[in-house]
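Dropping the structures in below, format is structure tokens.
Across the two complexes that follow, chain A remains constant while its partner is chain B and subsequently chain C.
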Partner chain A sequence: MHIPDGYLGPLTCAVMFLVMVPIWYFALKNTSKRLGPKEVPMIAVLSAVSFLVMMFNWPVPDGTTAHMVGGTLFAIILGPWASVIGITVALVIQAFFFGDGGVTALGANCFNMAFVIPFVGYFIYKALKERIGKVASAGVAAYIAINIAAVVAAIEFGVQPYIAPGYCPYGLNLSIPAMAFAHLTTAGPVAAVVTAVVVGYLERSRPDLLALKETSPNIRGE
Partner chain B sequence: MSFTERTLYEIINWVRDSVFSEIYADKKGFLQSLNPRIKFIAFLCLLVSVVCVRSLQVILFFLLFSLLLVYFSKIPFKFYLTRVLIFIPIFTGIVAFPSIFNIFQQNKGRPLIVLYNFGYTVNFPFLKPFSTIEITEEGVYWALTFVLRVTVSVSLTVLLILTTKWPSLLSSLSSIRTPETFIFILHMTYRYIFLLATLVSNMLFSRKSRIVGKETAIKSWKLNANIIGALFLKSHDMSENIYLAMLSRGFNGQVSRSMINVKERQMKEGNIKSYLFLIATVIFCATILLKEALM
Partner chain C sequence: MEPWLKRTLVALAVFIVLSPLGILFTWDYGDAWGEWGEVKLPNGKVWTPKSYFNAPLPDYNVEGWEDKLMASIGYWISAVIGVAATMLMSLGVVKTIELWRSEEGK
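Entry: the complex of A and B
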């Protein structure tokens, strides 16, 4: 889902950066207010984790492998605002280091993966966890979140041929089905199962981590 | 190759790549001698212009420009081209190929080669109604423009990465008004990626060395998920210790400029040359964009 440079026209890139600026601003403000200085190293280390999680190869039935973003997992543990920062950090490092995901498309990539995934994932998880349990709701949340993000990404490059030629050449009639199909069948299930298994693992070994959102100030002893 | 091995391979490759690219940042070439902050802004100008220009010929100019920079920065062409071309441009080429056919296009184009004429209108799900399958002139032209644009953007980004050391690259982010807390987190993250990469590869190795026989997909799923869970726990505990270590060294929760700016002295080197390069770049981009706007 990392959109490289050159797929999106200048207008789309500019709009996505403008959309992300207030989100980044609120995320930084919100994170430093609610989480405190202790969470600065925590976000840094967990961003490194999210970077590494994106490197894991998950075998899928067609013989290839898929990667996951881990946005929902982040949001469940740290809350959506801290995830915005954490995943943005991982994406910036990928863009400036790997050349993976474009520099001009950074706004769009951050919107899809650092904003849409954690927020959708977090709120679905929160709504469902009392009813169907933490593990199942984490899986469902991850599945829906990654698919919504994929469709948002498809819309971003699907509108290109209507604006100007020479960028991503496919219209919405092709980009949305292609992205939706890929994520409904491979990347989606990978994200769902991995998120659910990891949440299950954490529930068994450190249940306090999953309750971090509600108890955060007390843990810090303030 | 099993899936565990593939992940291991990817992580080890990544660490090797990042160590390798530091070698070129140390060479005494043209781009390496520039002030990283000014160079960063110049490259942003170039990238934005490449995304803005419309015609194929102009993008070729940018390609030439970036190849010249590669030459003067003493980066071996073979290494550079493999680093640039592998993956994104090749992938983009495959993605763009179908778009030369009229059935996948949004607008009507002049037919170049008619492959098949149905003689009646065909309706196909997700596609616009069509009666012929043909390769169009516009399709070929814009597909080429698209692939070339992506290639040039990647080549510029790789050039910036190869000629700049990571800490100075990060510090140059502050020149485009990135908040200090964010840059500080970036610095920390970058360092801990290496530490955690070692941690993960150790976990994978130790597991791998205890496996006899074939590794099934389901097993490797469970294994990977548990490793990620363990990684989360370990790093969470680690972050608490890091915080305490930072406190004991005088961290008061405030991120100051001195914590993110590495080697101020080094950042001021080569200023005149860098400004000349920046001005040249801006003039280059501005002329090209203006000329195109007037055409």
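Entry: the complex of A and C
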């Protein structure tokens, strides 16, 4: 889901950076008010977890590859605003050290992976956890969140032929089915299983880490 | 160090060791959709995305390390550097916003 340089036209890149500016601002502001002694190292390790799970590429049946992001897991533990910061950091390192995701597409990539995934995942988890339990809702939330993000990325790719010729050559008719297929069949199930397993482990061994809202009242940034 | 932090760091180290699976699983597969270095268009022309930046370890590898063994070592190196850089940078950001908060508190 890391859009490289040269696929998005200048207008899309600029708009996506502009959209991210207030999101980054509120993420820093909200997180700054809500940092307890547990949360500081936790943001750093979850950011590294996110970086690392994105290195595990999985084969998609159509011959491409896909990976999970860890955004829903991050948001379940620390809330969506801290996730914006942690995943943005992972994406910055990926772009500047490893060329994974373009520097001009960084705004778009942060929107898709550091904003859409944690927010969608967090609110689905929150809506479902009383009804179907934490483990199942974590899995469902991770599955839906990465798929919505994939379709958002596909829209960014797919509008280019209409607004910026010379950039991504494929339109929405190809980008949406391809991105949806990769994430419905591969990255989605991986994200669902990993997120559910980790939440299940935490529920048994460290339920306090799933209940930081109760122990540090403002951590979730609502 | 808190036990949960220690355990998480051990888990991270295990996943760094396992990280080459991330390329070995997909060795015979193409790139992720939309992340190609060049695209052969239906009209026969080849489209290459414009590039604006050269990363030091492109595709999580040392340039020229092409076979499975060398690419796995390159992937390991990238995982270690990437995890360390991500943790340092997020700690840096969090420490900066802590300073920001204490400035605002004055």
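Assume the second predicted complex is superposed on the first by the 198 of 222 C-alpha atoms of A that agree within 3 Å, B and C clash if a C-alpha of one lies under 4 Å from a C-alpha of the other, contacts with A are read in each partner's own complex, and residues count from 1 in each chain.
Note that in this section contacts are C-beta pairs under 8 Å (C-beta built on N, C-alpha and C of every residue); 3 or more make two chains touch, one makes a residue touch a chain.
Bear in mind that the values here come from a model prediction, so they are computed numbers and not experimental data.
Following the overlay on chain A, a clash is recorded for the pair chain B and chain C.
When the shared chain is aligned, chain C comes close enough to touch A:157, but chain B does not.
When the two structures are aligned on the shared chain, A:131 is found in touch with neither chain B nor chain C. Judged by the touch definition given at the top, the superposed model places A:44 against both chain B and chain C. In the superposition on chain A, contact is made by A:3 with chain C only, not with chain B.
In the superposed model, A:104 lies in contact with both chain B and chain C.
Taken together, the two structures place residues 4-7, 28, 32, 38, 40-45, 47-49, 51-53, 55-59, 65, 85, 89-90, 92-93, 95-100, 102-104, 167-170, 206, 209 of chain A in contact with chain B in one case and with chain C in the other. Residue ranges on chain C touching chain A, taken from their complex, read 2, 4-5, 8-9, 12, 15-16, 19, 21-23, 25-26, 29-35, 39, 41, 47-60, 75, 78-79, 81-83, 85-87, 89-91, 93-95, 97-98, 100-101. Contact residues of chain A toward chain B in the complex are 4-10, 13, 24, 28, 32, 36-38, 40-49, 51-53, 55-59, 65, 73, 77, 85, 88-90, 92-93, 95-100, 102-104, 161-162, 164-171, 173-174, 177, 193-194, 197-198, 201-202, 205-206, 209.
Against chain C, the residues of chain A that register as touching in their complex are 1-7, 28, 31-33, 35, 38, 40-45, 47-53, 55-60, 63-67, 85-86, 89-90, 92-100, 102-104, 153, 157, 167-170, 175, 178-179, 182, 206, 209.
Considering their complex, residues 3, 6-7, 10-11, 14, 18, 44, 47-48, 50-52, 54, 88, 92, 96, 99, 104-107, 126-128, 138-139, 142-143, 145-146, 149-154, 157-158, 160-161, 166, 169, 179, 181-182, 184-186, 188-190, 192-193, 195-197, 200, 217, 220-222, 224-226, 228-233, 235-236, 238-240, 242-243, 246, 251-255 of chain B touch chain A.
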